[in-house]
Structures are given as C-alpha cells and as structure tokens.
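Naming follows writing order (A, B, C and D), and every chain is counted from residue 1.
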C-alpha cells in the first residue's frame, strides 16, 4: 500500500485557534445581521454571501482541520465546491439569459 | 400525407426544412464515414492479425508508429468536424428563434389533450391550423395544464408549450398540403391522441377559409370586450395619453420599456402583460401604488392571449404590425370551418369544430 | 428518507472492536485513512444534496425578488441570529471534544460532547418554536396559506411567496433532520466515551462525527443569510 | 478445447468456505455481494424486458389494440424506471465492480464491507418499492417525472415510485463512495495509478459521477414527493414555479447517469480487447484520462435535453458546444480500442465478439448523439424515435453488450466453470443482429417525425415499427440463450483454470473461483499493467 503518506490527522491544533475562530464566527454573525438592516441595494446579497463564505471557510479550515489535512482531503473539498459551482452557475446561466433575445420562450 | 402508406423521408414543407435536411445529410455522411471506417478496421484487424499458434505479438512501440501524433489527429479532426455541426446547427436554431417582424400571428393553447388555436382575425379552430403558403407564421404558445409540445415534422420544428409561460415558434410554409401536427412532449393518457393537421393553403383559399370563419371578431376586439367586461377600463384610461393617476395608461405601452418602483426596468412584452394581470403585485410601475387586484382564476389562458393582443393593438407603431395586417373582415355566424381535405386520422380527437368552441370570451 | 439514516453506520462505523484492525486492512493507519476519506466523500454527496435546494432558491429569487424580500421579512431576525450563535457554540464544543479525544482527556470528551448535545437540542427547540409560529401565522404553503406583514397587510407579491416558504421549510427541515440524526449519534458517542472507548490512538468515530457536525453548521451558515437576512432592508416599510 | 487443470479434490473457494442462506444474506465478502447483485439485476432486467416486449407488441399495429393508452403509458414508464434505475445503473459497477475491483488491485475486500452489504439491501428495498408500485397499478409519468404532470395530473403512484428511486439512489451513492475509497486506499504494494487496469480507471470515473450526481436526483425527487404528497409548491406553475427548473435538476444527474451506465462498460471492453489481442492497450494514458474527462465533461452538458423546453437560446448554445467537447474523449476511446488490435494476436472468443459488437453499436450510438447535440437538428429530432434509438444504441448496444461481454469474460473466474463456446457465439451474433433490426428502423422513424411515447401512430409509420418489433423478438431470443447455457455450465461445464484467457490483470493470478481472502499472499506489483509474456499463453479460442 503505497499511500500511507502520514496525513496530518495526528496534528493537534492548539485550543487558542479554536477560540479565535469561534470568536470570529460570532462577531461575523452579528455583523452580517446588523448589515442586513442597512440597504446596500443590489450589494445586499453579495455582502451577506461573502460573509457566509468566509465563515464557512473558517469552519472548514480549522474546525474541520482541512488546513492541516492531506492533499487528498483538500482535493475532495475542492471537487465539492467545483461541482456545486457547476450546478448553480450553469443552471443560473439559463435564468439570467432568458429574455435577452426578446422573443418569449427563447 | 396519408395517401402513401410507407415512406422513408418526411416531406419538406417549410423554408427551414431544406436547411435542416442539408445539415442532416452532412451529419449522416460524417457518421457513415466513421462508422464504416471503424467497422472496416475492426474486421480487417480481426482477420489480418488473427492469432496463429502460440506466438505472442511483438510489443508495438507506440512512439515508433507515432502514437502521440495519432492521438492528436484523431482528437482534432473529430473536434473540427463537430464544431462545424455546432455552428451549422446553432445558425439554424437562431433563425428558428427569431420570428420575422411581419409574421402572421397565431395563438395556441394546449390542454390535455387538444390544441386550441386562435387567429388574430378571430377565427378559431381545434386540432387544426390553417395557414397561407409563403407567409411567415408566428405562433405564441401556452398551456393550461401540463407541458405539451407543438411539433410539425414537415416543418422540422417544435417547441415546448409550458403552463404559466409563453413560448414562440415560427415557420414559413412553402408547400401546399396537409401535414401532421403532433404533441411531442409526453402529456398524459391521450398523449398520442393530441394530434392534428396543419393545412397550408394558397392565399386565395386561405382568405376564402377565413371569410367562412367562425370568429366573432378579431382577437383584439374580443380582448377589448373582455377588458371592459372585467372592468379594467374603469381604472386604466382608454383614451390615448390620458392619465388618471391611479393606474398606468396602456395606450402605446406594448413593446416599450417600463420603469418599476424599485428602479429596475422591464420590457412590456407578452409575459409582462400576462404577469401583470395574474400577479399585479410582482412588478409595480414607478409612481403607482400597489392597488390592482389579481385576476388569477378569472381569466383563462385563451382570454389572457386576447387581452395581450388587445394591449398589443394599442401599442406603439413599432410593435408587431399584425393587427394592421390587411385581412378581410370576418363575417360572423357559426359556420363550420373549411372542409377538411385530410384523411380520417386527421380527425382524431377533433371533438368539436369551431362552433363548439364559441364560448364566451375569457371566462367560462 | 434522510441520507444520514442510511449512512450512520459508516459515520459511527468504524470498527466495533476498538482500535482493532479489521481483516481486510493492512494496518491501523490504512484503516483510519480509509474512514476519513470515506467521510469526506460522504460530505461531498451532502454538499450536492443541499446544492439542489440552493439552486431552487437562487432560481426563484432571481424570478421573484419582491416576493422573496417580503416573505423573508416575515422571519424573526433576532431569533435567527441567536440560533446561529447557538449552533456556532456547538461547533466549538464539538471541536474541543475532538481535541480532548486526541490528547486523551476522557472526562473532558464526555463534558464537551454533552455540551454539544445540549446546544444542538437548544437549536432544534428554537427551530420548533419558529415552525409553530409559522403554522399559527398561516405561513405553511398548502395549508390556509396567507402571507401578511406585521401590520396585517398582505405581503408584497403575495402570490409568489409560497415558493419562498416551501423552500424555507424544505431547507431548514432537511437541515433539522440532519441535526436530529446528529443528536442520535451524539448520544451513542457519549455512552461510548463514558466507557473510555476513545483513546489518543483510536478516536475515529469522534473525529468523523465532528466533521459531520461542522458540515451541518456550514449549511446553516448559508441558510441564515439567505432565508433571514437578504433584502430585509430593501423592503418598503 | 480447454486445457483445464485436471480435476482434483474440491478446492476451497468463496462459495464453499461458508455454507447456508444466512452466510449469504449476512456476508461481507465483496464477491458474494456481487453475486447477490447479479441475482438482483438479472431479476429486474427480466421484468424490464417483459415490459419492452409488451411495448413492441403494442406498436406492431398503428391502432391501440392490445392495451389502452393508460396501460401503455404505464408500460413504458415501468420499462424506463426499472431498466435505468434498477438494471443499468447498478449492473456493471455493482456486479463486476464489486467482484473485481478488490481482486484487480490486490486487496482482500473493499474498504467498507458492511456498507457494501448495506448498499445491496438498500437497492433491494428501493426495488421492492418499485415492484410494489407495479403491483398496485403502476405509474404513468415516464421515467423522467416531468412536472407539473407528475405532481398534479398523473393518476399513478408517483410518490411511491419516487421514494423507490430515492432509496435505490443511496445504494448507488454508497457503492461509489466505497469504490473511491477502495481505489485510493487499498491498492497492493507497487500498484501505482498508472499500473492500474483500465477497468479500475473507468470505475473510478463512474464512482465520481455516482457520488457527485446522485444526491441531486435524490433531492429533486425529494422535492417532487413533497410537492405531490404535501401540496407545497416547488415547481408548481400555480405558485410561479418553473417546470424547466425541475428539468435542469433532473438532467444534472440523469445525463451523467448515462455515463454511469457506459463508462464501466467501456472498462470491461478495454480489458477484453487487450486480453484477446494479447497486446497492451494502445494509448493507456489516453484511455485512462478520457474516462475521467468523460466523467467531468459529462456534468456540463445536461442542457442539451432542454433545447426546445423553454430554456434560453444562449444557454442552449453553450450546452450545445460543450456537448461536442464531451464527444471527443469517447471518440479517443473508440480509436484506441481499434488501434489496440493492430498487430495484435486476435482471438475471436465470445467476450471478444461482444466487445467488437460494443464498438460498432457504441460508435453508432455516439455518432447519432452528435445529431442531437446540434441545436437546429435537435429541434426536429428531440422527443422523437430518433432519440429512443440513439439512447438504446448507447445503453443497450453499449452498456448491455459490455455487461454480457463481462459475464462471458469473467464467468470462469466468478463461477470456476467454462461455458459452451458454440452456443455463446451464436447468441452473441443473434443479439447483434436482433439489436440492429430493433433499433435501426427507429432512427428512420424519428427523422420521419414519429414522437416517442405514442401509443397510437399514423399508419405510414407501420412498416418500420413492424420491423422493429420483429427485431425485438430476435433480440429476446438472443437474451434467452445465454440464460440456458450459462446455467447449464454451472453444473456440467468443465472446471476453469485460474487464467483461461491468458490475461494479465491480478484477478487471474488467483484461483477460479477465488478464495474468500482473494489471494493467499498479498501480491506485489512490479510492472505496468498488460505486460503479456509467453507463460500466460493458454490454448483457448
């Protein structure tokens, strides 16, 4: 079995990192909640999603140890994000371009 | 269509059909070439290199016979040939997607399991469509229930007919005759009975058919009476350029760009008119209040098409000039439509000819 | 119906005899690697599973922005934010439980698993309260649905608001079902941890369950802004 | 004709090492689970085949004279659901993948044996749902379940059928997950990625699709069931829902699902062709990477099912050009298989006949896919019999030819018995002829404009339909013959040697049938795959 590359699973993450991430997550939750009461027009969704993506990355990288993990784990995570993007963006491309032609149904 | 009992190639009866057939010929040629090439190689190698005795073949050094070059060649040549297929197909598709400006308008409503067709001049038919030869025909289609699909093989064109939306199909018949109309999207029990006939007639026959038509008035006229019947006119002013401050003026609206109260802009097309009748709150014109009640459940899809046509008839001059099309005025009266020239199968599902369809405009 | 019910055996699934290497593995390291990779691949399927719902959300929000904004205003912002915080706390306690498993502090594993359980339970209880509230206010599509603002006026573009609430229940419901499955597995882990089954050498179930729990947290991190926050300010008051 | 090893005392193998029904139903042995799957898929293939026969019987005349429309609609729906979800998708991965992946990579089992057994039970429970639907009266939506027909108008058992597919989907997900982990983490020492048999590459690509795609159909059906069962709207036009969104979500899985069916078959065919040409496959890396390329590109072409469905014309254009790009890796495979035979030592054994049949039929199936990817052409052809013919060439001509090729190739390994070469060659030829007779006329029908799912059709289509029905009866006979001689061989066939074909992959290095642990000693791999040496030569074929 060739691939016993020592994955860093045994790496013990210092507790302060957990607390730091936790603190950031809580702050960001209340920041995004507060920001939602300010009207940024079309930027509302982008700001909210940007904060959500940042929070999710923190959870994945540190709570889920992706930051310290083997290359294969990182590839799997990347694949998930890539395929989710395919699903969302290619389908939305249809919804976004409907009506461009000015002919109903095209 | 029905006289011949067996044929291997469909008749080409529209302006686009020749292009589709040419593309088909190209595709068949490319496919036949590669199928035969592969088949020949497989059979030839199987015979030529048949194993004799225990001899193992000498390992072939792929580089010595240009393995990489071969791989590139047999990737790039098919890719090139396919991109031709793509470009050719896309150009046909875009032609099919853009109806010419002065097309004759026909409105189609699909429901399980029949086609209801309204001509702009007011004639109505079920499972039959009469059109003049060498005129561009533009269909606006919608469904009352499930997804259907309006398919005329002789014209090489089809479009899905969706509930809650309008879709568009156009063709220019080039050959007089009677052609199959099929529902091509599975729609339930009698899917295969949702068939009809498209009659392509010369201009004189067509006008004679129209004059014998059964319609009450043109679609726009019927739309107007429905408009009044529903009381739309009490708020939407009917005189040009008059504003009453509560509801937008609909004169000259169609085809223009409307600014909404959230600052976005939307084109006043068929879908917008339809949505505004059924879901008036979805898009509110800038400067107006959200006061219009919904007419969902009060107007049928047929009626909606008439309302849309009425508002289109009020539209700006650059809009579809269909209502200005010179067609003879309709004689009224419940007369049967033109005598069918088709065989018995065309009558499949032709439950009611036009007179049976003379329901009150709109609501029933 | 829920995917975890199917897969729970794998999550909890590593070897029944603790630290024992099953016959088909060469060694413990291979066994642990396989379990970890398996869990990650499973989480990929979960991403795609929720992805379908997110797609429906984006498609309909694109089509009916007014209805989505007005319906979204009917969710309780404060409860949503507080519940998000609760879930983040549970993620922290879970991460700490894994941490103490790795350094072999038995009592602390149990403590933090119990804390995680309590926080998860709190989240679910709040969710149940919100569902009840929606039911009382006729905001469940298909059942006397009637979307009204605080002032009693109909929601803007009320005709399309059922789509928002269908997605609201679909997305949060599926998320809650994942939480419920998680709570079940937590109970199992707590009993095992109390028996001292998890050692620094072998605590794969705790570690894998941690991945699952954090994933569920990530889903909520996206659900919260999409369902509670977006376009809240844009609504004409 | 077979130089089998002389019969000795009964050797230990995975059949006789444990006995009794419970030892089968509770087994964690991947080989036994593969055989459980083989029984399952064969059963469902037979049921689906009966519906196919009934469909062709009805279509022999233009009138609806055998059954009424409602029944006919249920026939083609049940045929589609059973064949797609309960036969084609599990067929090769769950049977041959399960049996062979651990053997080919020199492992004792898959990574998660318990999960593997669980997958089989989930599959059977899903199948049970479908059979229940069948017994209750069926479902009439077509296997595509398009809304709003399925949610609001169908009078069939849509919820139960949806649940059945939903459940069976998890079996597929777990199988894929198991294979991915197995291939990553269980390979024998020295077995690097580029020493793997191409069968493994094909299954790795298949597993990617299963893991990434199946959850999307699961959630789609979940929403469908919620909408129909609880009347809350996700796709309902009455609430402004969009039926086209359903189609996007459905085809995001269901197009790649075609590659779940065909990729493993390609893997089988690659193994067969290299073995019976006694030659390393031409362009190993190209075949390997084309599998992965198909899996990835297969995910970005689904919109070509929606060209006329109300999708935007610009999206249609993007999907059309992407569809052509996915055609290239398939073409590469076909050319490489053909080139493998060049200067080989070709033996036309039964598996080889199936593999060559596969090349022919898959070529036609793939090339007609080019017709359907072309926008202007597809507008005319979609939803006609052209599409029916096209996907049967790919799924029956491709996937089932691969399945049968695999059965004949690995039968000696799985059951330790040789079958009758004469009968098997006859049936291979009958199947090839019957298949073409059944489905080639449907291309012509499609271009003529005959829509699919038509119970009653205009009389001018009858001649071609009769041809097709006649072909179907030939095809049915072709499928029945192997049942007979294969079952016969189990009892009366001569014992198979460990490596009757002179193949090089690891599964042939252990006895036939293998022992439960697969290998006495974990093999160590020291060279590339497919290194043919003279000691492997055996006098067969």
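Following the convention adopted for this analysis, a residue touches a chain if its C-beta (ideal position, glycine included) is under 8 Å from a C-beta of that chain, and two chains touch if they have at least 3 such contacts.
Worth saying up front: this structure is predicted, and the values here are computed from it rather than measured.
Ranking A-D and A-C by contacting C-beta pairs places A-C first.
Averaged C-alpha coordinates put the centre of chain C at 35 Å from the centre of chain D.
Between chain A and chain C the centroid-to-centroid distance comes to 15 Å (mean Cα coordinates, whole Å). The distance from the centre of chain B to the centre of chain C, with each centre set as the mean of the Cα atoms, comes to 45 Å. Contacts with at least two other chains are made by residues 184-186, 212, 216, 240, 242, 244-245, 248-249, 252, 310, 313 of chain D. The multi-chain contact residues of chain A, meaning those touching 2 or more other chains, are 1, 3, 72, 79, 83, 87, 91, 95, 99, 101, 105-106. For chain B, residues touching at least two other chains, in rising order: 97, 159-160, 162, 165, 167, 279. If the chains shown are joined wherever they touch, the resulting network links each chain directly to all the rest.
Those residues of chain C that touch chain A in the complex are listed here as 26-27, 29-30, 32-33, 36-37, 40-41, 43-44, 47-48, 51-52, 54-55, 58-59, 62-63, 77, 80-81, 84-85, 88-89, 91-92, 94-96, 99, 102-103, 207, 210-211, 214-215, 217-218, 221-222, 224-226, 228-234.
Of all residues in chain B, those touching chain A in their complex are 97-99, 140-141, 159-160, 162, 165-168, 267, 269-271.
Considering their complex, residues 64, 69-70, 73, 140, 142, 144, 146, 148-149, 152-154, 237-238, 240, 242-244, 277-280, 282-283, 286, 307-310, 313, 316-317, 320-321, 324-325, 327-328, 331-332, 334-336, 338-339, 341-348, 356, 359-360, 363-364, 367-368, 370-371, 373-380, 382-384, 444, 447-449, 451-460, 462-463, 532-534, 537, 539, 541 of chain D touch chain B. Residue ranges of chain C in contact with chain B, taken from their complex: 64-67, 156-160, 234.
Considering their complex, residues 1, 3-4, 6-7, 9-10, 12-13, 15, 18-19, 21-22, 25-26, 29-30, 32-33, 36-41, 44-45, 48-49, 51-52, 55-56, 59-60, 62-64, 72-73, 76-77, 79-81, 83-84, 87-88, 91-92, 95-96 of chain A touch chain C.
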